[in-house]
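A, B, C and D label the chains in the order they appear, each numbered from 1.
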Amino acid sequence: MQLEFDAFHQAFREEIRAFVRENLPPEMARRQKQLSFPGNRSDILEWMRILHRRRWSVPNWPVEYGGTNWTPLQHFIFERESQEADAPGLFRGGTHMVGPVIYTFGSEDQKSKFLPAIREGRFSWAQGFSEPGAGSDLSSLRTTALLRGDRYVVNGQKIWTSGAHLSAWGYFLVRTDTDVKPQNGVSLLLIDLATPGITIRQIPQIDGDAHLCEVFLENVEVPAENLVGKEGAGWTYGKFLLDNERTFSSFIYWNIRELRKAKEIAQRETMDGTPLAQLPTFRARLAQAEARVLALEWSVLRVLAQEARPHKLSVIASALKLRGSELQQLITELQVDLLGARSLRFYAPSETEQLQSPDDAFWPDYVPGKTGIALITRAASIYGGSRQVQRNLIAKHAFGL
Amino acid sequence: MDFSLSDEQVLLRDSAERFVREEYKLDARRRLVAAGDPISAEHWRQYAELGWLALPIPEDVGGLGGSFVDLMVLMVALGSGCVLEPYIPNLVLCAPILDRSPARSLLGAVADGSLRLALAHDEAGDRFNLAGPRTTQATAAGDGFLLTGAKTLVLGGPSADRFIVSATITGEPACSLFLVHRDQVEDQVEQALSRYPLIDGTWAADLSLSVEVSADALIVRSDRATALLDEAIDRATLAYLAEAVGSMETCLEICSAYLKIRKQFGQAIGKFQALQHILAEMFVEAQEARSILYQALSQIGADASLRRRAVSAAKIVIGQASQIISRQGVQLHGGYGVTDEYPISHHFKRLMVIEKLFGDIEHHTTRFAGTAPGLQAPDSSPAA
Amino acid sequence: MQLEFDAFHQAFREEIRAFVRENLPPEMARRQKQLSFPGNRSDILEWMRILHRRRWSVPNWPVEYGGTNWTPLQHFIFERESQEADAPGLFRGGTHMVGPVIYTFGSEDQKSKFLPAIREGRFSWAQGFSEPGAGSDLSSLRTTALLRGDRYVVNGQKIWTSGAHLSAWGYFLVRTDTDVKPQNGVSLLLIDLATPGITIRQIPQIDGDAHLCEVFLENVEVPAENLVGKEGAGWTYGKFLLDNERTFSSFIYWNIRELRKAKEIAQRETMDGTPLAQLPTFRARLAQAEARVLALEWSVLRVLAQEARPHKLSVIASALKLRGSELQQLITELQVDLLGARSLRFYAPSETEQLQSPDDAFWPDYVPGKTGIALITRAASIYGGSRQVQRNLIAKHAFGL
Amino acid sequence: MDFSLSDEQVLLRDSAERFVREEYKLDARRRLVAAGDPISAEHWRQYAELGWLALPIPEDVGGLGGSFVDLMVLMVALGSGCVLEPYIPNLVLCAPILDRSPARSLLGAVADGSLRLALAHDEAGDRFNLAGPRTTQATAAGDGFLLTGAKTLVLGGPSADRFIVSATITGEPACSLFLVHRDQVEDQVEQALSRYPLIDGTWAADLSLSVEVSADALIVRSDRATALLDEAIDRATLAYLAEAVGSMETCLEICSAYLKIRKQFGQAIGKFQALQHILAEMFVEAQEARSILYQALSQIGADASLRRRAVSAAKIVIGQASQIISRQGVQLHGGYGVTDEYPISHHFKRLMVIEKLFGDIEHHTTRFAGTAPGLQAPDSSPAA
């Protein structure tokens, strides 16, 4: 056993820290800190351009496509340090979802057309997988794409397509063959969201934001060359894409950062003049949250270091998702509880992003944004395989039940 | 003991349930919130017509002299619709204070809907300690007072005509209460009233005070003000908790219906035992919530210490029930749960507001422990 | 609404208090306080005899059989005040289970033979319902009773028969007809446990006690007159018996009393000289437990006062059982946590009953008994319809799922 | 980073798992507990033969000089059987103290199984504050000391040949440590050693001390004793936590097997989604428990403050996981769960003992908070 970062990785951590310190614009960090989730698109694209200059914008890609060849622990360090410094993160739809599918299964044309755009942070991608009536059940997809000459004609409806209204392109799972078993006959199409026949509706959310979208496709004509890989193999690509990062759903970096913010609030907010961080009940909640985050961090490290385990990696991923989403909710609830009645004021996303005074008697800078995040974080145990689905998967694959 | 409603209470409940059905369908509520108006004048008029504004006001000043149980019946029913009107800030928080002041003749105007009130009491750094000293100062000025300070989270403030403002008269140990016209507030400072919505679509305001008022603006002097505020806040808290009970019971209905309609993997999701068990637990929570509400009701007219204890117990149990029911309610809805387009998210936010107003679970746990037999300072009696 | 006890019930409360104060032997109360559960049989029988002198030993029975005609609230007050004073309670197997079945459905011979014995606390009764392999599923009963002349010949096996080794008689659900649907063909038999062919095995328990028993019946001959009511109606009687007291499973009186003991421990145990009752974290746990017990008490009052409810009474009973058992566990865990490492010492039941010094530096009188109770209280969410079964019932009967 | 075991560690684990299979089947464990013997001499001999007693002892005094990771590998495996032998009290709590004392030559006898030790440190009123002052006094007497006082919860005390006793030398600010023969203790006071089982079948003792000892009984003076004790207790705590991880992982296997075998309503109860979900949550807890164990292992050799922080984090996470897994494990077994005749109740009690020894969740939460960045006294740096 070797339970510490070796010298190589320690040096790498310093390198990342120095880079972020020198290159992350303070205003961008401030906005990101307030938003918690990467809400400001231009900040993300700008940050990707900054990273691209250092060749770090697609660190998970092979070197030949502009990636880095880092070890899993280097990726861990990169993510952790970036979020620790309130960097905006990457456009993962491109870098971690569709990008790897394109360089693994895509045509040369697709590679040359799309990979540089992703790498340079030129636009963001939307994911068209879920459909109404098929939340956790992707095998009942009903959006069809029928080949007519050199074009697919796409009809159907997608839902929960995050950021579709701000994205230039989307990757869609569509049914190209309706005569075979449901899990066959599905293909992956890249679709320009400006194509006629596409209507995007932003769904108003519990937090007042509206980045989740419905995408309606009505006789949308998509060039056949936008099919990724083979017809009917979409299911495989979809799983490849979702499986690409087993540890991401732990939200470990996010949880670490949000817990830090909670502690900062606990230092600023007082009761009868005593900071809440010094009150036994809040101290205990903060400390227990921290211990659990620490455990989750080591669960992630165990996966990254490829510990030999008796269970399939997918089972571990389910466990990480369960605990990670639970902690997201626990930590944001803690932030809100620390704010007390101040948490009740509604801030529209646009207000949240504005500079707030740290010294405002009623509404200092750490107030806006927190409650909205706590509200939307209820979805953490729903999307990407709900809490119930993850438990089903563990029961089945870890215990054969 | 008897938990049954009188005939009048049944009528009251039915009228409120009808109002909710007719005026607070989901789309209507969403339109009201989107309109950005701190109050629906039309709704307030209906509240007056239906006698709700008169309900808790004494008969001799134009009210109906209803009991607190009557009020509870109304609030449970209104809670099922997550109504937006500032009923509690006006009728439960402010009216009883006015009732015990020289200005009680104004209550007739409150009862007929022509006058709206708001309590301006919270200040920076309070964190639920609403009995603490006020930094807002009342200094002698001419025949009257100059009030200076800043107030926050004034519930119903944006739609109020007058404010009951707490302020410390120079040299006095506790705060007194002043009745101040909205115009007086707004005339004297730029942007004296800063209004904002809360997450549930109701409205509050911050007040920046630098107002000269006449001597008769002083309606409750410091010797009585703190006890009066304490009682008013406890009663308002309990009224909100009654709303929460109505909201939670509605959440159960909403979720039950959704589990039967929504299909996945080829069957209604209500067939999944894991979801059934979640709903069953929500049922237990809702039952306990209503039970502790009754308990608090039984003590709302009791001595301050018994009343405080009972209200805090209700705040704890109903707060915890709210969290479980609203969080699991969203979970049962899947992605639709976090949209504004399903009623469960509206209840979620309303319940969260109620959970935190006038002290959260943490605060009331401390207050409750302070009155619990057996948790006092140690004595010498033999144990166990 | 009338939310307070009226003068009649307040006077009754004083009457009960005075009676218990004057009649409950202090040694008996001390033992009962230490044991938490009615563990000492001779104390219970003796207490029933004391109550019998006042005609209160079977308060729930009709006056004609020696009962009281009390209102539901009088019963509530009687139970609450008795437990508050650490009285041992009644032998409910006789008074609340089989007794009412006998006076409702039994023959005159059965009434005259058994009712006085129950009333006077002459012996205790055992319940033979559960069988191995049919924990929560009583419809799969396999113990048979076949009529041979004027006797039933009983063969089979019962389990979880609490106190069988100390009981004189038992009431057994047996299958008298194997040709009909499982829920039919079941009858209720009264069996003298001294009958040849009966073997009783005490099952060693998690707490070191062994009052749960297995009862093996091998060609046990039972006089036909011991059949209660009609053959094949046992299922009805069994349900009647279990339904008899909807609020009992809340354990409300027990929960109130055990919470009081927890607070007493919190006053006696210290950390750095401060009583644990003054530490914020323990205070919060105690206070929240108390608020929840208070809610449960009012849930019970609502049932007793027959509040009109949209749900069947059985659904309410399930909810009371769920919350009541949850609180039993929460409160005993709290007791154990307050004791800290002292809770780890094993006390055999016989040791627990012995007089302990209140001043022992290491093992004062409030230590013995607590951990054993906490251990066996894990069963509170298992017996009498497990937590999972209760939730199934609520989903079905309250929501039609 | 690398979490794989060395070949030697794999052998060690396999030998311990074999021991558990052969010696700790449920019936065998029940017989051992029923025998009422504070130690199985035969098992202790096997521990010696298998090299486990020598494992953590330095090579120069007859040990194997194993690492703490080696020890962890052994403890996880032994935890799966809920073994009864006082391995940790001897080898993790006492041996390292002896190792840094003039008496370290005795370690050879510990390693070969001929000498057993126990730490007599706990006193009345400690409640986990094991670093507090000792009321047991060491007063000068002749060339040596007279030790007077009372000790409780001396783990492995009933089977110990010598005790390491903490006592305050008159006038010194902290306690010192004395090595005392069992005979000396027992000869001087009637019933000086009162033994009793714990709920998991292991044994402890109370000591009533009034013992004259020679000067060389003083093995660690007050300037070093507290830090040494603190370290020994942290290491023993972590060793117990490794056992808990082994126990919990075994609970998962036990429950999974039971759910497949046990039938109700005509099917294996493992078909019920509600029970599947309980087992899935137990799986998550067990995973997190092992993860936090690794975290603590990484810091066990670090500075005291880092070590304390890491051990407390593990105590919190593993304690909470223990509660969930043992309680739900019993629940999954229905009535059989609360009998002594199924292994789950044995794990339940063992996990409860480990959860409470050397500080419960509450205690370690306070200790952890005291070292957590961002929970210190307020500073002036800008927040959020």
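Methods note: a residue touches a chain if its C-beta (ideal position, glycine included) is under 8 Å from a C-beta of that chain, and two chains touch if they have at least 3 such contacts.
Computed from a prediction, not measured in an experiment: that's the story for all the values here.
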(message) By mean C-alpha position, what chain is farthest away from chain B?
(response) D
(request) Identify the chain pair with more contacting C-beta pairs: A-B or A-D. (result) A-D
(message) Could you work out how far the Cα centre of chain B sits from that of chain C, in whole Å?
(response) 42
(request) Measure off the straight-line distance from the CA centroid of chain C to the CA centroid of chain D, and report it in whole Å. (result) 38
(message) Quick check: what residues of chain C touch more than one other chain, meaning two or more?
(response) 280-281, 284, 388, 391
(message) Two or more other chains touching the same residue: where does that happen in chain B?
(response) 272-274, 276-277, 362
(request) Name, in rising order, each residue of chain A that touches chain D in their complex. (result) 1-5, 33, 73, 260-261, 263-268, 275, 277-278, 280, 283-284, 286-288, 290-292, 294-299, 301-302, 304-305, 307-308, 315-316, 318-319, 322-323, 358, 364-366, 388, 390-392, 394-396, 398-401
(request) Over in the complex, which chain A residues touch chain B? Could you list them? (result) 130, 133-137, 159-160, 203-208, 212, 269-273, 281-282, 329, 336-337, 340-346, 361-362, 371, 375-376, 378-379, 381-383, 386-388, 391
(request) Please name which positions on chain B make contact with chain C in the complex. (result) 1-6, 69, 252, 256, 259-260, 270-271, 273, 276-277, 279-281, 283-284, 287-292, 294-295, 297-298, 312-313, 316-317, 320, 362, 365-366, 368-369, 372-379, 382-384
(message) If we count contacts the way the header does, which residues on chain D are in touch with chain B in the complex?
(response) 272-274, 276-277
(request) Could you please specify the touching residues of chain B with respect to chain A in the complex? (result) 122, 124-125, 127-129, 132, 150, 152-153, 196-201, 204, 206, 263-265, 272, 274-275, 327, 330-331, 334-335, 337-341, 345, 348-349, 352-353, 356-357, 360, 362
